[in-house]
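Below you'll find the structure I mean.
Each chain gets a letter, A, B, C and D, in the order it is written, and its residues are counted from 1.
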Amino acid sequence: MKSVAIIGASGYTGGELLRMLSVHPEVEVTEITSRKLDGQPVHKTHPHVRDTGLVFRDKKPSEIDADLVFTATPHGASMKIVPDLLKTGAKVVDLSGDYRYRDTAVYEKWYGMEHTSDAESVFGLPELYRDEIKKANLVGNPGCFPTGAILSSFPLVDNDLVDRIIIDSKTGVSGAGVSPSGVTHYPNIGDNVNPYKISSHRHMSEIQQELHGFDDVKVSFTPHLVPVNRGIQTTSHSFLKEEHEDITPDEIRKLYEKQYGKEYFIKLMDEGEIPHLSSVRGSNFVHIGGFEIDETGRLVMLSCIDNLVKGASGQAIQNMNILLGLDETLGLRHLGLHP
Amino acid sequence: MKSVAIIGASGYTGGELLRMLSVHPEVEVTEITSRKLDGQPVHKTHPHVRDTGLVFRDKKPSEIDADLVFTATPHGASMKIVPDLLKTGAKVVDLSGDYRYRDTAVYEKWYGMEHTSDAESVFGLPELYRDEIKKANLVGNPGCFPTGAILSSFPLVDNDLVDRIIIDSKTGVSGAGVSPSGVTHYPNIGDNVNPYKISSHRHMSEIQQELHGFDDVKVSFTPHLVPVNRGIQTTSHSFLKEEHEDITPDEIRKLYEKQYGKEYFIKLMDEGEIPHLSSVRGSNFVHIGGFEIDETGRLVMLSCIDNLVKGASGQAIQNMNILLGLDETLGLRHLGLHP
Amino acid sequence: MKSVAIIGASGYTGGELLRMLSVHPEVEVTEITSRKLDGQPVHKTHPHVRDTGLVFRDKKPSEIDADLVFTATPHGASMKIVPDLLKTGAKVVDLSGDYRYRDTAVYEKWYGMEHTSDAESVFGLPELYRDEIKKANLVGNPGCFPTGAILSSFPLVDNDLVDRIIIDSKTGVSGAGVSPSGVTHYPNIGDNVNPYKISSHRHMSEIQQELHGFDDVKVSFTPHLVPVNRGIQTTSHSFLKEEHEDITPDEIRKLYEKQYGKEYFIKLMDEGEIPHLSSVRGSNFVHIGGFEIDETGRLVMLSCIDNLVKGASGQAIQNMNILLGLDETLGLRHLGLHP
Amino acid sequence: MKSVAIIGASGYTGGELLRMLSVHPEVEVTEITSRKLDGQPVHKTHPHVRDTGLVFRDKKPSEIDADLVFTATPHGASMKIVPDLLKTGAKVVDLSGDYRYRDTAVYEKWYGMEHTSDAESVFGLPELYRDEIKKANLVGNPGCFPTGAILSSFPLVDNDLVDRIIIDSKTGVSGAGVSPSGVTHYPNIGDNVNPYKISSHRHMSEIQQELHGFDDVKVSFTPHLVPVNRGIQTTSHSFLKEEHEDITPDEIRKLYEKQYGKEYFIKLMDEGEIPHLSSVRGSNFVHIGGFEIDETGRLVMLSCIDNLVKGASGQAIQNMNILLGLDETLGLRHLGLHP
């Protein structure tokens, strides 16, 4: 049994780590920390996690003793504690934005703060960077929107087919986190659709990093809050380069099959089949479909993930499995909760 | 008092006509027809419409005696009865797709049936065609998606600013009509987002007709069903023509103010203000916002309408007011049901 | 035209007063106050209320000049300002709990504060106290749960048929007000049902006051938050007194018809017809149904109201109409927003 | 590895059996049958169940070869095939109502059909009948409402504390099954609360059977459809017998602890803690809370289950584990999907 600790375990991603690790056969959660919940049993905050004996503790990084640590801390807070955690010999999966960027200048522009850590990290999208993750000590776990957006469009840019991608995403409200606000007040969400940060969401920079924008491809992104608890449905509208305007949906599908055919967590939909949030709800799977081209040369790709699982804690566990040398799918094989 | 009849009054658009006309000061509903509900009191089908004394009747067009008739009949059925209704001297507002197209070949392609009526009609978007409607006897009431899409993008094409528009719309489920199906089964919609007809919805042709596509502008459209009863939220992603790439959001807003500043039912949002479905729920108002341009030269415009009101029955009443020479806003001044 | 002012107009009940009064033919809103929103145009808070010119002002009661004032202020705050408002000569409809109780000791027990005002008030349920309201200067507008609960059970206690009533209510989240909290955080409400204050909600005391509890009838009440924006669905489980255990559903229905037959806003459902929230959504109507007795002698009654309309602002306008000598239904005749 | 077959696997309970058994370590699904889907791969119907190789087959009972068979067939259909399945030597868990009743006359009254099978069965509520199930070949899996209702009130009747129980339940729409109808049409459910069969739902008879009604206790039941996919929230209003009217909430809690303290799947909430559907969503857990007595001597108990799991397929797997001599919790240890 490997031991893992969760720093900042009071939010939804902490709860999801606890939920999924509770049935992981090779790993035990030995520590959960929270400054403001110090001394409180876990089920007072995560009511589905009962009879574990776990109690939140307020601990310093240097006091943590675990094989692997998840930092479910806010942007900016992670980079202040990760270096100390690495010094304890633990491997670290960071769920904040702090370790996702190759170029810290991009981080500083979009997150509005100085980047003060030089710990080396890998972008934790195993389907693209599995080999690098195996050798790493620190993984920057991808953002929720980027996970759905990158996976659904990567073969297009990797094969140089398109020069523009518009990503129109619809997210469940759990993506806004556990803290209430006017934005997440039920009457503002129920029976409503709320676009936000329509031209300047910071996840755009993470998507651009992975989809070769701006150099080769113009990548745009607009997110919408929909009355859904969990899940991100992404519709990608791409424009074929002139030299590829005769490519068929079938040829595009073949490129996706080549890229993802052996991936346990990625499922390509049948022709005409639409991916649904319910099919991946609560699971680490990614459903990708679309593969249609309209009369204007626009290619439509679709993807669905659970924002808290493949978009956060599930992917973090997938990264943990790789870092600890375990089977990558351990603890993550449960199917989506349809309906 | 003017008398109006509603042919095919058993669906949601029929219910909405009844709801709004019940407080219209100059008009009285004197007939409602339905073949299958013949003899049934209206409240058995529309439980909110009580104590009116109205009963569904199965009547032929020639038996209808009214100043104005709404045909809330299916595509294909309308064109079989509208000519006879016009012969009775009534003015007609048709809520189907049958009389929306200038070129019947486009209709025949997208609706998959022969167009057999040569009655002259006007496309019933009063904000664009008010003068034509005044002189008409027959109005083809616009589709729900087209209403939100056209109004939010028209000033862009009218001023020749953009060469491509991607319309990504999210609609409430009442848009699918009153008949249950697997698509509208609650567990398939609740906590879900369902794109459909992602590259080939027939409303695309109606939007193209009004937005000058394909000649000048490439117009694409993808609709999504969201867990909402009413409303269409439209996000338009447009690309500025090279010669206009220096235009500012403020200059664009001014063009919208010029176009819509005097329109009772169109409200332009403040800078940074997002339109919400709840603000127009149950009302005939259109809220338009967005006015942001990102680093890739993409312009984002947003609109919200109630699909059953401005997207159907409210607009039909607006057209009725114009056709009958009444104040265009009569019976339609109630505000949206926020929250 | 009569002038009205709204004190504390920043919440949902304020927004609803503005929405409905905007189409009231005999009344004009001339003042809206809010301490914290002083100087802000109304649409920044109520985005559906546009182009009115109304601006929030921070005003003292003595500075208000209106024929009638709505106090949409919190419990405890109302009784501090209502006496001064009455001194200006205005009539007052108070939407808080402060003026609903005949016995201030009951108020003090359930609201946990001293009752310091001796202004005389009438309980503002027009269907029961119309004549008293006509003569009053101050009306205590009923609570949302009590409105649905009292109207659906009053004929039972008035005719002395039952000795116990269990009221199990399901409310939309707008009933919790405009301020966000953990309770109203979307992920805590969406796809969930949350009972609360299961044996001690203070509206129980208001229901008891009107339903003759505890003296003659034992009245119990449990509310539940459901994933709904607006509306209160009430299921009343009553037990027939031994001497009435042979009464038939039809005889009970006749008693309701006698009580409510001439009431504009109360609709009795047909036999077997279930009242639905959607039928009254946004409207001042009350739908009452049920009228079934099971094998254990339990009588089931059902009612639906919109908590913000008949349960708050609509009823307040109904009271206003009566206080000002206007037709009681003015501005309130619009039907429910089904679906 | 034990082999199991699912007869009638096209519905939600079939999908749930497949979902949960896909991660069961000791059992393999070897057959799934459906008359109308014969030859179709499973993921065309259950889109979350992919890459299993399973294909629906139209098979006779005698052709089934499995250690255990789930019959997820309609009421009436099960009793026609279960005897033949038992003859193959398989153990059977029937998810219909056919084998739940000790007295077939009660079945015939409430299900409106003759009961034609004399196969001996046990009521499959393991927390009450574990020992009987161990020895059985055929288990009648309890209904969804009865599971939540019986477990939350059993200690009350077993200890003879109450003489009347009113069960007011709120169910997610998946309980209505996979077939669309007007009842489950999204616009009829969204933003709505729909009581149904308010005095005569047949699950009442199943609840009465287990809660000693009518002999000792009067049990009433009213279900409501709420805009939720999964889950049943049950509020039980009970009346203490005169001789027990001084019992305290604490004493009642102790009786529940005595009854359920060692049950893996039953969790008793802390004092003042409300059970939530989200805490058990997708899981086999039952959360029970309430334990409050109001001034009228009414005791309020609350429970939450997932109607498709503990209320159907999860409990069926729990029964399967017992019948096959496996650890009762195998494949069922995953926690609820909060939020």
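Rule of thumb we're sticking to: a contact is a pair of C-beta atoms (placed from the backbone, for glycine too) under 8 Å apart; a residue touches a chain by one contact, two chains touch by 3 or more.
Because the structure is predicted, anything quoted here is derived from the model rather than measured.
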| item | value |
| --- | --- |
| A-C or A-B, whichever has more C-beta pairs in contact | A-B |
| Repeated interface matching C-D, over half of the contact pairs identical, chosen among A-D, B-D or A-B | A-B |
| Longest centre-to-centre distance from chain A, chain (CA-based) | C |
| Approximate Å spacing (C-alpha centroids) for the pair chain A, chain C | 45 |
| Whole-Å gap between the CA centroids of chain B and chain C | 35 |
| Rounded Å distance between chain A and chain B, as computed from the means of their C-alpha atoms | 38 |
| Junction residues of chain A, two or more chains touched | 12, 172, 174, 187, 190-191, 227-230, 276, 278, 281, 339 |
| For the chain B and chain A complex, residues of the former touching the latter | 164, 166, 168, 170, 172, 187-188, 190-196, 198-200, 204, 213-214, 218-220, 222, 224, 226-231, 233, 235, 237, 239, 274, 276-278, 281, 290, 292-298, 300, 302, 339 |
| Chain C contact footprint on chain B (complex, rising order) | 12, 15, 19, 22-23, 44, 46-51, 174, 190-191, 229-230, 267, 270, 273, 276, 278-283, 285, 287, 333-339 |
| Sites on chain B touched by chain D in the complex | 12, 172-174, 178-182, 184-187, 189-191, 227-229 |
